[in-house]
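Should a chain be cited, it is by its letter among A, B and C, assigned in written order, with residues numbered from 1 in that chain.
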Amino acid sequence: MKTNVRHLMMASLAIFAIAGCGKPPQPNVAKETAGQPTTSAPASDEEKKLNVFCWSEYIPQDVLDQFTKETGIKVSVENYASNEEMLAKLLAGGGTYDVIQPSEYVIEGLIKENLLIPIDQAAIPNLKNIAPEFLNMSFDPGNKYTVPYMAGTVGIVVNTDLVKDDIKSFNDVFQDKYKKNIVVLDDAREIVTWALLTQKLPINDITDENLEKVKPILSQWIPLIKVFDSDSPKTALLNGDVAIGVVWGGEGALLLNADKKFKWVIPAEGTHLFVDSLAIPKTAKHPKNAEAFMNFILRPEISQKISDAFPYLNPNIAARELLTAEQRANPASFPSPDEVAKMQTFKDIGGQATKVDELVTSLKAQ
Amino acid sequence: MAGMAVSAAATTAAATYRRRPGLMAWLVLFPLIAWLVIFVIVPTIMLVVLSFGQQTGMGSITFTFTLEHYARAFSWTWLNVLWTSVKYALITTVICLVVGYPVAFFIGRAPASMRNILLTLVMIPFWTSFLIRTYSWITILSKEGLINGFLVSAQIIPEPITLLYTPFASVLGLVYNYLPFMILPIYTSVERLDNAMIEAAYDLGAGPVRAFSQVILPLTAPGLTAGALLVFVPSIAMFAITNLMGGGIPPTIGDVIYKQFTSGRAQPFGAALGTLLLLIFVVCLWVTRRQRED
Amino acid sequence: MTAIALALLPFLPVPVRSFFRKVQGPRIQQWLLGGWALLVFAFLYIPILLLIIFSFNDSRLNIRWEGFTLKWYAALLENVTLLHAFKNSLIVASITTVLATVLGTVGAWMLYRYRFPFQRAIGLLIFIPMVIPEVLMGVSLLAEFVHLLKIPLGYTTLIIAHTTFCFPFVLVGIQARLHGLDPFLEEAALDLGATPVQAFWLVIVPYLMPAIIAGALMSFTLSLDEYIVSVFTTGAQSQTLPLKVYGMAKVGLNPQLNALSTIFIIGTVFLVLFSEFLTRRKNS
């Protein structure tokens, strides 16, 4: 037994030795490299640090590294997997974050509850690169607090090898013949929104009355669904376990890039637009660095790098010009401007979110 | 018979043997109890307090005193979800027991030098990231995956069968992830089995079945109970596996509670559900402990 | 044939049975059990084999085999973020294992050996971290760290959180082993002049060693993969691997992760076999 304990300790030492190799990520804390174009002018008296709180995998590492190289500001990143996870941690006061990446319906609430610092647009001249339809949106008029990062829609993906019918709308998807052949997002509000769209009800009008109206539709739809997945609905489609999906635009774009058999369809009843933005929370310690970061992200070549990594809807026109024709032709990434014009964004629905969640869960549980 | 007699004697001896702690013992006991209080009891109290509050807006909690969340919890939807999770946990535990016991027995009776290696080998697969293990299973079970690919090309079945995103897949995933937590505790009981006692049972004329049920099983019962607890208890609130391999159907209590802190915007309700779960569990455990001591 | 013979065994008269028992019983038993164990190990390792194979797959979305490549390994060695996160995971898991094993072992012994106020309640309360859904534990610990204890989030809070939910597993395992403890073992040691501490360390701990090792293995495994509690109790510098990985599913799990897991697994299996080799060398 004693020998075994000794060997265990040897093993642990070995682990530590291996783990000890390799430096922690010190993104090159450079002395100012000469001859840098001063599109990012770091602020005077702030520490050269930036705490970013963002969606996992949403900001490529080489973008962050380049920012550090140019400005000397060390970036530390914390990730979350949903807006609400971010809110829970932000509101608990746990971390001090300089930049957060909220979605549109969260921003409204954050502004209302005074949790964001207004941005100094003079420090973010690259804002001019953003397409006009993504500026001055309803959740942040005048872009007083936020800068758009990436946008997207929700739409239908069809595996044309397995499904020969022409699917054009939500109603086409949720038919008995596709029973247990469908994947949808695991998001109660999304599902309810689609039902509202088929009834031509306003998507932000989530009243008890409207919920009652869509309940029968949902009771018909939900038993037809095989998989609920918001993280990677493309997996079920790629593996052939389902033939149709109602998924994020980014997932759709990835599927289209993976295999030509997938077709992307914007539902005839309409869909909504989501916009993820960068914002500065009130507790930020380095707001000027944050603004410099935002300006940096809006540079066309940086934004292009982000698009290369994640084929979402890039609101940056200057960046779009740097993309390949193939990227721009991907309908899941870039719906036509008229379609975008028709789309609404989510508004915060407050306490009704609870009722929405309960409705969908109770139907799932049956 | 013999096994039960010995373990019974040991327990009664131990029960009467407990002594009051001296100074040294209190010095050791104090930090342990302090840890329990600070990091277990206090957060639990905070949760219970939360369950009586109300959430407004983005996530600010006002501490009124309301029972509305508990009232809401007692409805068919949530109780059904809770029951489903318990059911899955029970099935998982039983399967882990049947599958894992022989393995634990084998390891426990293997040559001494091999035991720790075998134990470690049992654990090593779980030092990979949970997500890639699960995605590996998805690749194996999917309609165009390994199993179906093999069965179809060997012409055993004409068409691929649906293995993934079913209750079967959920249970498979749960059993896979919790099997080591059944094997290891049972092993610790098997390891101290005295060969002489088993030989004696055989010599006294017991068949292998009797030897097992009257001698081996009672002696390994503590390990078995520990294994069952270490599988059953955590698997009730586990939801990642059902979400990934079962398609998120049916919803589990862990997922429901998680959603209250995210899209459901009802943190106090989540806390109430959690408190109920704790309560049910503590009561069950207390009752079974009481029964055993009688 | 052997199977049928074994199945008929209970029905044969005693002298025949004892013949089987003495000559072949235990051996056949171990062979059968060994076969079953092999099957179970196969079950445990098949997904692992698959993920190792896919670490060499020339495809970003690992669905089909598309050619052999080492590029993921190359990319991994430059992926400082992932490696740093992995190192954090190892450090946190190791420290957690030590703390949880000590807490669990000493705690179990105290509960078994001594009588003190609220003992029964404590015996039940230790189960809380096991029952409680992780999001509740994470949120409540976060609130406590931030509002009550005022500890900044980072390695410390992360390790405290991990230890708290790992030690019950160790404790329950040790308790099971204690059930079969000869109560007079410690008594004998004390009679021979040992202090209670010496008796514990020199007599009880060796007896508990299999359970201690089992508990340590479980703790390490639990901590390495913990996601939800980590989300709420970590700081920016102490990001662990699951935190970096869980969002990866959105763009497809990076095969660099397969490479990382492969290296770690092969490394650990190697270490284990190497230590066995050393033991054999020592004993021969």
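Operating definition for what follows: contacts are C-beta pairs under 8 Å (C-beta built on N, C-alpha and C of every residue); 3 or more make two chains touch, one makes a residue touch a chain.
Predicted model, so just to flag it, every value in this text is computed and none were measured.
Asks: If each chain is a dot and touching chains are joined, what shape do you get: line, ring, star, complete or other?
Replies: complete
Asks: If every chain is reduced to the average of its C-alpha atoms, which one ends up farthest from chain B?
Replies: Between chain B and every other chain, the largest centroid distance is to A.
Asks: Need the CA-centroid distance for the pair chain B / chain C, whole Å please.
Replies: 14
Asks: Using CA atom averages as chain centres, what separation in Å is found between chain A and chain B?
Replies: Each chain reduced to its C-alpha mean, chain A and chain B end up 35 Å apart.
Asks: Listing for chain C: what residues touch at least two other chains?
Replies: Each of 63, 139, 143, 213, 246, 248-249, 268, 272, 275, 279 in chain C touches at least two other chains.
Asks: What positions in chain B touch 2 or more of the other chains?
Replies: As it turns out, chain B has residues touching two or more other chains at 116, 135, 139, 144, 261, 267.
Asks: Give the residues of chain A touching no fewer than two other chains, as numbers and ranges.
Replies: 4, 8, 85, 88, 235, 239
Asks: Sort out for me which residues of chain A touch chain B in the complex.
Replies: On the chain A side, the touching residues are 4, 8, 82-85, 87-88, 91, 106, 109-110, 112-113, 115, 180, 183, 186-189, 225-229, 235-236, 239-241, 350-351, 353-354, 357-358, 361-362, 364-365.
Asks: Note which residues of chain B are touching chain C in the complex, please.
Replies: 7, 10-11, 13-14, 17-22, 24-25, 28-29, 32-33, 35-36, 38-44, 46-47, 50, 99-100, 102-103, 105-107, 109, 113-133, 135-137, 139-140, 144, 146, 176, 179-181, 184-185, 187-189, 191-192, 202-203, 205, 207-209, 219, 222-223, 225-226, 229-230, 233-234, 236-237, 240, 253-254, 257-258, 261, 267, 270-271, 274, 277-278, 281-282, 285-286, 289
Asks: Would you mind writing out the residues of chain B in touch with chain A in their complex?
Replies: 56-60, 76-77, 80-81, 84, 116, 135, 138-139, 142-145, 160, 162, 164-165, 243, 247-251, 256, 259-267, 269
Asks: For the complex, give me every residue of chain A touching chain C.
Replies: 1, 3-5, 7-8, 10-12, 14-16, 18-20, 22-25, 51, 55-58, 61, 76-81, 85, 88-89, 92-95, 231-232, 234-235, 238-239, 250-251, 254, 258, 309-310
Asks: Would you tell me which residues of chain C are touching chain B in their complex?
Replies: Its residues touching chain B are 9-10, 14, 17-18, 21-22, 25, 29-30, 33-34, 36-37, 40-41, 43-48, 50-51, 54, 62-63, 103, 106-107, 110, 112-116, 120, 122-137, 139-141, 143-144, 148-149, 160-161, 164, 169, 172-173, 175-177, 179-184, 195-197, 210-211, 213-214, 217-218, 220-221, 224-225, 227-228, 241-242, 245-246, 248-249, 253, 257-258, 261, 264-265, 268-269, 272-273, 275-276, 279-280, 283.
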